[in-house]
């Protein structure tokens, strides 16, 4: 059992490391790095379930009978594209956030927002 | 062409998006996207008609048979959702050109419409498809365009809200991807109908259980269900008003649809409600969501925030109806999806008009608006009444069905709690009414004019629909009930 | 055996990324992570995926992150705002997943359901039905063509999204100033410039090879698009953005991106017109196999066009934003000192 | 003939592997950036060349052979270029070779070399 | 012999990763990544022969190109002030590790 499932377990550990970075880190770029790792690990999971022992790459050739499953490969090709699209959009948001907030740390941005809210309410109350 | 309706439904806005980019003249692009969205609406009406007459329509893409190729499968539930989404999108688009004048820089108009159409495509695609992985792909189309649209908001908070939504949304989508992967691993298929055939064989395995949990959690993240709702209020409040109107009316409905589709059609009723205590869990979360979100809404100073929190509360009602897992309960949920789309569409469009005239939607700036913008404010009031669930509005119909469903099951205390929750809605709606009608304007010298006609037409279309479907409930109830019955496998 | 080594290395790198405070190092390690996972894909027989992951995960996304870091700063603040709740969530999720693995078919086992339900048809019949040896391409471009269409639309959406967020109206004056700065700097890159000039034609050639060879080996429109775009990116990095923009106009690239999506979609619409279902290539020609070949060729071109142009657009906008910032900074400093 | 191919390719692969590992050890053990770069830069290109040559001997297909030649050409072009750029950039940005304690001197050098 | 070479490459990769993690300067890391990239090219080529399907060398070519482009990218974009390496900074990084 250990040998049969070892692969999956390691992949799960990888996913969780990615997820941990996304949740625990306050730096916006680091979060995106974590997101990439999380997604890539899910890709690794899909690809490793497609593997057949003794199989080979699913490109037909003479003299080969056993191929790995092509369908997860197709799915992951699509998912990789989705991943890069998300990363690109996230990064462009980070650039704009840096320009307007002068910071890319979650805490500092949150703080600035709160302060702005407070001052606005104060002026309104006094008015 | 009539047999190709399911694919045309999705393809029309999809192909229109790149064409818009080529046109690149703001007026022209607007007309064109309106045309595409209207066409989609027309197709959805035809589809619903066809489904009501002839039952499930299956469309095999590429001519490949179902588990090998991708299948579009339209039943009553899909057709109903397609109608809501494309209808709201068309109505909202009418006001778009005027509204974005004040909120989006001129050189970004074309991008706005392209993204809007793509977002519409994504939602329609999620709803129409019968393939689990295809759901993921179209989910990402709609989410990516949503992130960009939200980030177009004027204030810098829009960027931050969009970023948070991006992180949460991507985690949710990846969870769904994991869930689909596990399902696929146990059954070897991605087609939903095929999955529902093959899953019962392996229903006892722990893997299927985990895949179910992951799909549900992922969908709930997208759904902004109570403990996972943190991204929603800011995203709605800081997005351009047109975008808010569109998303508030449709985006969460799509997520609710996914929830229903996966629990009822893919995993099957008995599996979904027996392996984990889904009923108690969702009932509890739904109720807590209603109370906490409504209570938070009362203390907001920004009207968009008020209604964003109210949206979370309304999702609570849908979840409660869903968790009953009876035909009436599900009918109530479906009706509420339709009704909520109508009322939130009207309210947020009216807020867009207020932003157009006043510049912002802080509660203080509503002073005196009752007299200055009578038609717009009347729309907000009627929408608010509908939120509360006053008779003769649509809100009443769905609340009525929800209460009936609860009483059917003999759950009186929960029915009482739901009524109490509606009382909270009275409070926050009253706050707006009070400020708008009974307080003198901030500055008497500034004359605020009534909203332009291009706003009033869509707003009042929705408001009249609000009242019409509140009085003549035959059509909406018939469709919702039919959809619910078909999900339970009961012949009508 | 080798997969275990690779997985262990992946874990080591992932943990190192958590600990890195230097974002530059973290991103670089993420690049290594991409390369390693691509090697893992090769071991797992997923050559097409490895191809894409290498080009995208290790190449484009790392590059984009570098550009962004130079704009936003290199150091991560040491506050980690909620390590305990995060750990809690992660342990619950991970525990649940590990619980779920207990009933999974073992790694590599032949009798797992996924190898016995849908995939035998792809493996056994795709040669008769589609007529090309690369099964992944057959599934991607014909059996599940609509997913791939969705994929193209996703990347198109991302391109438009980046444009809305980052595009700036360029003025001629700005361009000229940036160009003069670039010129002085480019004296430094003499050796690389010559090497790059030698390489770029080869890269274009290779991209075309990948585009057309996708039916027989790993590759296809997406990979070709990325390679094509990376050649342009290389050019833009060494010869300056303004020069690159003179060669490839931004409006023009947007046009290509839109046309790629339209080309892909219109293949489907033509098959509708010819009486088949959407994306039914059999009706494109009198002979079904020829129809399939034609359909796949056309949609691969659509994918290639869109992907290449969108990636170029994304890079140009990031780099353009950066150059403008870099260019503004000195002048702002001057003003503030006054 | 068969034996000649096996032995010669085996020999090339062995030498190549040895070079790669020694480069790796150099990268790990040498004291500062420039010496490490020296270790890697030299062994990388040669080691890669050896291994690729070994594989070329083994290849039966012309296309495979051609692709190996392409890879070899690329490594020969790219390897030294990267080393060059890397060293220059490092020196430019103030990484000081170990042993040259005189910081001032290096700074001066840097300023004169900045136009190269 | 192919297997032995593969193992040797793997060992070299591990060494490169250690240097990449340890740093200490940015350029050490870039160097490590670059070496890692070339080793991956070799690994893929070798794996093709080990698995008996050497026609997939396209991937190795892509690796070589991408590796080059990303190293150039790093160096091109590291000419801003914040990447100026000062000995003091160096020490603080060393301490952190």
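Every chain is named by a letter (A, B, C, D and E) in the order it is written, and numbering of its residues begins at 1.
Assume contacts are C-beta pairs under 8 Å (C-beta built on N, C-alpha and C of every residue); 3 or more make two chains touch, one makes a residue touch a chain.
Just so it is clear, the model here is predicted, and its values are computed rather than measured.
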Would you mind naming the chains that touch chain A and likewise touch chain E?
-> C
Greatest separation from chain E - chain, by CA centre | B
Pair of chains whose C-beta contact count is the highest in the structure | A-C
What is the chain whose Cα centre is as far as it gets from that of chain A?
-> D
So how far apart, in whole Å, are chain B and chain D when each is placed at the average of its C-alpha atoms?
-> 58
Inter-chain centre distance, chain A versus chain D - centres from mean C-alpha coordinates, in Å | 33
With chain centres defined as C-alpha means, what is the inter-centre distance between chain C and chain E in Å?
-> 20
From the C-alpha centre of chain D to that of chain E, how far is it in Å?
-> 11
Touching at least 2 other chains, the residues of chain C are 47, 73, 97, 101-102, 104-105, 112, 114-115, 118-119, 122, 144, 147, 150-151, 154, 157-158, 161, 165, 189, 192, 199, 217-218
Any chance you could list the residues of chain E touching two or more other chains?
-> 13-14, 30, 55-56, 58, 61, 65, 67-68, 72, 78-79, 83
Multi-chain touching residues of chain B, meaning two or more other chains, are 133, 137, 140, 144, 147-148, 151, 178, 184-185, 190
Would you mind giving me the full set of chain pairs in touch?
-> A-B, A-C, A-E, B-C, C-D, C-E, D-E
Hey, which residues of chain D end up touching chain E in the complex?
-> 6, 9-10, 13-14, 16-18, 20-21, 23-25, 27-28, 33, 36-37, 40, 44, 47-48, 51-52, 54-55, 58-59, 61, 63-64, 67-68, 70-71, 74-75, 78-79, 81-82, 85-86, 89-90, 92-96, 103
Can you name the residues of chain B that touch chain A in the complex?
-> 133, 136-137, 140, 144, 147-148, 151, 156-157, 159-160, 162-163, 166-167, 170-171, 173-174, 177-178, 181, 184-185, 190, 301, 362, 364
What part of chain C is in contact with chain B in the complex they form?
-> 96-97, 99-105, 112-119, 121-122, 142-147, 150-151, 153-154, 156-158, 160-161, 163-165, 167, 169, 254-255, 257-259, 261-262, 265, 268-269, 272, 276-282
Can you list the chain A residues touching chain C in their complex?
-> 1, 3-21, 23-27, 29-30, 32-34, 36-37, 40, 43-44, 47-53, 55-61, 67-78, 80-89, 91-96, 98-99, 104-108
Which residues, counting only chain C, touch chain A once they are in their complex?
-> 3-4, 7-8, 10-11, 14-15, 17-18, 23, 26-27, 30, 33-34, 37, 40-41, 44-49, 52-53, 56-57, 60-61, 64-65, 68-69, 71-73, 76-77, 79-83, 85-87, 89-91, 93-94, 97-98, 101-102, 104-110, 112, 114-115, 118-119, 122-123, 126-127, 133-136, 138-140, 144, 147-148, 150-151, 154-155, 157-158, 161-162, 165-166, 216-218, 222, 307, 314, 317-318, 321, 325
